[in-house]
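To keep things simple, chains are lettered A, B, C and D as they appear, and every chain counts its residues starting from 1.
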Amino acid sequence: MKFTGDIWLNAPRAAVFAKLRDARFFASCVQGVQDLNEIDGDHYTAVLDTKVAYLKFKFNVMVEVARVDPPREIEAKIEGTPLGIVGRLTARSLTRLTEDDGATKVSYEIDAALTGKLGSLGQPVLRAKAKEMERQFSERMRAAFAEPKSET
Amino acid sequence: MTRTISFSLNGEQVSAEIKPHHNLVEVLQREFNLMGARESCGQGMCGCCTVLVNGEAVSGCLYLAAFVDGAEVKTVESLAEARTQALSPVQEAFIEAGAFQCGYCTPGFLLMTTQLLDRYPEPDEDQIRHYLSGNLCRCGAYPEIVDAVKLAARKRKNPRPA
Amino acid sequence: MTPFELLEPASLAEAIALLDPEDSSVRPIAGGTALMLMMKAGVFRPRRLVSLRKLASLNSGIAIGKNGALSIGAMTPLAAVERSAEVARAAPVIPRMMRRLSNIRVRNVATIGGNLAHGDPHMDLPPVLIALSAEVGVVGPDGTAERRVAIEDLVTGYFETVLAKNELVSELRIPPQGGSRAVYIKVTTGSAEDWPALGIAVALEAEGAMVKSARVVISAATERATRLKGVERLLAGTSIDEKMLARAGDAAADEAECISDVRGSAAYKRELTRVHVGRALRQALNS
Amino acid sequence: MATSITQGGQAAPGAKVGGQVGRSLPRLEARAKVTGRAEYTHTMRLAGMLHAKIFRSTVAHGRIKSIDVSAAAKVPGVYRVVTADDVRKVIPSPYYGPAFHDQPILAIDKVHYVGEPVAAVVAADPHVAEEAVQLIVANYEELPAVFDEIEAAHNKTLVHEELKPAGTFADLKHLKGRKGTNVALDFKLRRGDVDKAFAEAAHVFEHTFHTQKVLHLPLEPFASIADWNESGVTIYSATQGPSFVRTEIARLLGWPENRVRIKVPYLGGGFGAKLYIKMEALATALSMIVRRSVKVALTMEEQFYTITRHPSTFRIKTGVDATGRITARKCEVYWNGGAYADVGPRVAQKSGFTASGPYDIDNVWVDSYALYTNLPPAGALRGFGIPQLVWGYESHTDMIARALKLDPIEFRRKNLLREGRPQATGQIVREVQLEAVLDRVAERLNWGKPLPAGTGALRRGRGVAVAIKAVIAPTTSVANLTIAGDGSTTLYCGTIDMGQGSDTAMAQIVGEVLDIPAETVRIVPRDTDVTPYDMGTLGSRSLYHMGHAVRLAAEEARAKIKAMAREVGEPEGSNIPLPDLFKKKFGMQAGNIVGTGTYKPDYVPPDPATGLTDNVTPFWMCAASGAEVEVDTETGHVRIARLVTAVDCGRPVNPKIVETQISGAVLMHLGFTMFETMHIDAGQVTNASLADYKIPAMLDVPQVMENEAVDSHLASGPFGAKGVGETATFCVSPAIANAIEDACGVRLTSLPLTPEAVFRALRVQANAPLEDEE
């Protein structure tokens, strides 16, 4: 499953980059993240609690910041093990920041794969879920950088 | 959380100790040694686990055993005449038409065909195909099954003198 | 499947009291065909299931009102709806559609209320009911007060509905159809008995080729059954000819938010939509 | 009711003596199957038996860092949680496989595909075992994975660090200990000089074809029950090859074969899935560990992680001279074998013999590679690779005919192998009715008359295909037969009746030899303590190989009857009823006559360098199919209006069963042709259920289906018969693809022929390719 998108933020690139590197801020933009725990500057664990209707999925998540090229790119590896169901979520994300006229475009590419019981459960369902999370993420990001006079 | 259910099974009043998460097929197999209804796809798609509950065909693998409490349950084992074990016209027709190979799906097809003929004694090809479209046969005996249904309809119409 | 508590209350109030507005591991169970799949796959591990089978008030059967409106009790099995003479008279599209809805065993067990409350986008029933402007009655903890929800507003996403965890569908109501003609096209891309890759339901009120009003619904290819309102507006008050059918198909293809899955890519489903909206309209017009 | 039975007293009223071969006798086990009483392993239970559920890998390729079973072990009711470490304590070298000893009972150190068994939970209640499995946590260090067969052939990503041939097959010996490769077999065939012939050809055509990953999907999923103790092990199993299972389990345990007993009830379908070791080794290991009988019964979903058909890539190049004769053909075939070789190397080799098709071609080059990838393993599926090859060469052949504006049937006829001509391997072709099957299909399709092209968006077309297969050789079958003092006859043979009707056919052969009604012959349930060796029920070999063994056993018994009659002083030609004969000999109803038969056909292994031999197979199978289709050019949907198949199965022993074998094989392959496909994402099968992996059902059966066995008699066959289980599978896919091109001008080179694939091709043809979204 591939997800790509752009988020425009009304802030200079360096500021956006700094925020994105702040794990607590980043986690606060992702729906359902709990118990964020920093192992070192590049490794984090967390619990991701998500649900589709009455179906609940809880993942132990491990995030590794694989490559950082400030203030242009962040590459991360995410691995999740669901609790109580055999499966595995693996994802690689590449975030690129470009600045244009004082605003910053955050372009992301996420390549995610689900294996085990989850993988055969219905990709469309989880894709729909991921899209919802993606929407929320960009909303929260925009909210964080929103200026009194917001963009259209 | 064990509970006792009582129901009529192939004409006999029975009861069983079950748990709420047990499905009908496993209870028929475990408690009553009836193996004719068998789980294959586990999703109600294949029909191998067909059982009649209160005269309606259901997928036993998707049916909570708790729900047959007080009901009338029939399995493929009831099709042959109880005393003489004489085969029903549908069973005979399946044999004569060569309407099965490995036989795993056969009990489901037999029960569905019996239902079909109870409802439509002289079904046309389209009715047969639609009625049986939810039963799968990986051996691909479908053409022979259609023949068998037609043959069974004739047999039921003109029963052999005893 | 993992163990759970199964309760079989005899009254609606009792049933609703046993449901828990906060706990998604407590669910009502009707026929159970869809819920069993979730449980067997291990993605739903209920703590408690509340069976609705013994609730007389949801078992009101099928009735036709003086004005021709149909009401169907939530616990009515799909097969009973399929075989009902009243339904066949009031909305012949329903028994026609039912014939290819899942299989007979499922139709014997699955109920109208359960089917709608399950919120699976691949179901055949919701798009047809949306086209027929149907609604459900919903009962909740405040007892007698019943709220009404149009089928088109019921489902919000995959398995998600506007129902609270302690609300139940009590009844399906289909308004009198007048001169409206309805058609449902189920498109499968695997075997014939596959779930639909696309469902198109159309209800058309027309005099000759002149359309008074149209309801056009897409399902299965989209995240939920959705009215294509742009297409409906385009059709209203126009005279349908081949050109208009093509325009309607194009408009539908533009409007539909198709998604990819094992049954086909979004791009392909969009093209199927383009073709089948036209075909459904033509069928409705000629029926 | 009077019958003319002279031997035994069990004949059903009305049963006829004589003419047993050629009778459309209903299956002997029919009553058991229609009453629901037929026994299958999946529903079998032993007293005190435990159930095992499997924890499977979620990584396509990875090193196992840890497996935490503590939470699972704590679940009330869990008897034991088992990993490879436990297995190795009872079976030190727990690797199995028919071609390579590459597959561990539970993953050791590494996992090689998503779905591979890593641990097992044993409990009295299967629900408890299933729940506990969800609580096992494994950690992996992920390794690069390879999924595509072409990539696997050239890539540096290795599935196995070192190859471990089983030693059974001579042509794999050179791969022993080989490192740095994913190639599990490289079969070569070199005949004439293809390069020269291509240079001289008037036309050269080259195409590439693909087949997808599909599943056998027997409705009875895999199941085995093992009951082990120090003196021996009894395994009840849904297997097509009890003799192989016995040998392999004995090897794993370091025991003589006579301490291993395999019992096989009826099989709920097999189609090649239930061959070699499947659940038997795991069940045995678990039974050894917990010292109770243990059942391993898979769910439908788990079948998708166990054995599949090979996906393949087939590059084919053909030279044609100015007169329309094929002068050269070069075939490069890549078989995607998945993580464990299973019987893949045999599939690659045996199908390689006929990769160039049923044509008389002087210059042939075949390279056939069995490749390891990080996907669920692939094995034999009803056709042993032939349907994948026919898909390629018969699509290709049609494309050539179209390009040269030749009638597709005429072009084929002109090039067909004729009696007495050498096949690509060099073996002289005899007794194969290639022309007849093609002619019959052409006739049934009214080939001589034009087909109306259709109206509006609906376009009609028709196509044909023809194919050949060399039956699997050299293989051994043994049969025993006893006649009791009352004259009743019992047959002991290891052929597994998984629905193909072999019990009935074998009884007919016995009946034919002994002149008794086939329905009076009892076939003993398969039990390796009782039923003698048989290589396996596979590759359409049983009727020929076991059929001969049974014939020989019956003939020996017949000779002994005659000898006994002489011994007791009966005159020559005496018709003394058997019970009387026994009484005369033994003084009472006592004694036995025992006949035995062993059959193994001759075989000359192909030269390793050239693949040539003058005896590669005891007989050739052949078939042709024809399809008439209607394509909805607005949606890509294809309706099969007519599907015709003609096969050469020699003389049908049981015409009715032959007919059902043909139509069943056609319908199974209709699924593989039109829609069946395993969707895989990052190694994960994403449609591992019958909800999302659809197989043909009643409404998918073409309105008109015609099947026929052409007049044929195989002189070397038992009563003229050939095997027929696979024959009708060969040609379905290309016949339909050829018809689609005839209808609407688009050529599909990958299976399945889904509406979307047809639609996309139509759009490409219209110069408006469908753009993907997102």
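Here is the rule we use: a residue touches a chain if its C-beta (ideal position, glycine included) is under 8 Å from a C-beta of that chain, and two chains touch if they have at least 3 such contacts.
It should be emphasised that the depicted structure is a prediction, and the values quoted were computed from it without experimental measurement.
When the C-beta pairs in contact are tallied for B-D and for C-D, the bigger tally goes to B-D. Put simply, the C-alpha centre of subunit B and that of subunit C have 29 angstrom between them. Chain geometry summary: the mean Cα position of subunit C and that of subunit D are 43 Å apart. With centres taken as mean Cα positions, subunit B sits 51 Å from subunit A.
Multi-chain contact residues of subunit C (touching two or more other chains): 1-3, 37, 42, 192-193, 260, 262. In subunit D, the residues that touch at least two other chains are 127, 134, 301, 686-687, 689, 691-692, 695-699, 774. In subunit B, the residues touching two or more other chains are 21, 42-43, 45, 130, 133-135. In terms of which chains touch, the assembly is arranged in some other way, matching none of the line, ring, star or all-to-all patterns. By the touch criterion stated above, subunit C contacts subunit A in their complex at residues 24-25, 27, 38, 41-45, 119, 157-161, 165, 223, 259-262. Residues of subunit A touching subunit C in their complex: 51-57, 84-85, 117, 121, 123-125, 127-129, 132. Listed in rising order, the residues of subunit B touching subunit C in the complex are 1, 19-21, 23, 42-45, 47, 50, 56-59, 61-64, 66-67, 112, 115, 130-131, 133-135. Considering their complex, residues 24, 26-27, 29-40, 42-43, 45, 127, 217-221, 266-271, 299-301, 498-501, 656-657, 659-660, 663-668, 689-691, 695-699, 701, 705 of subunit D touch subunit B. Contact residues on subunit D toward subunit A in their complex (touch as defined above): 55-56, 58-60, 114, 133-137, 142, 301, 304, 681-689, 692, 774.
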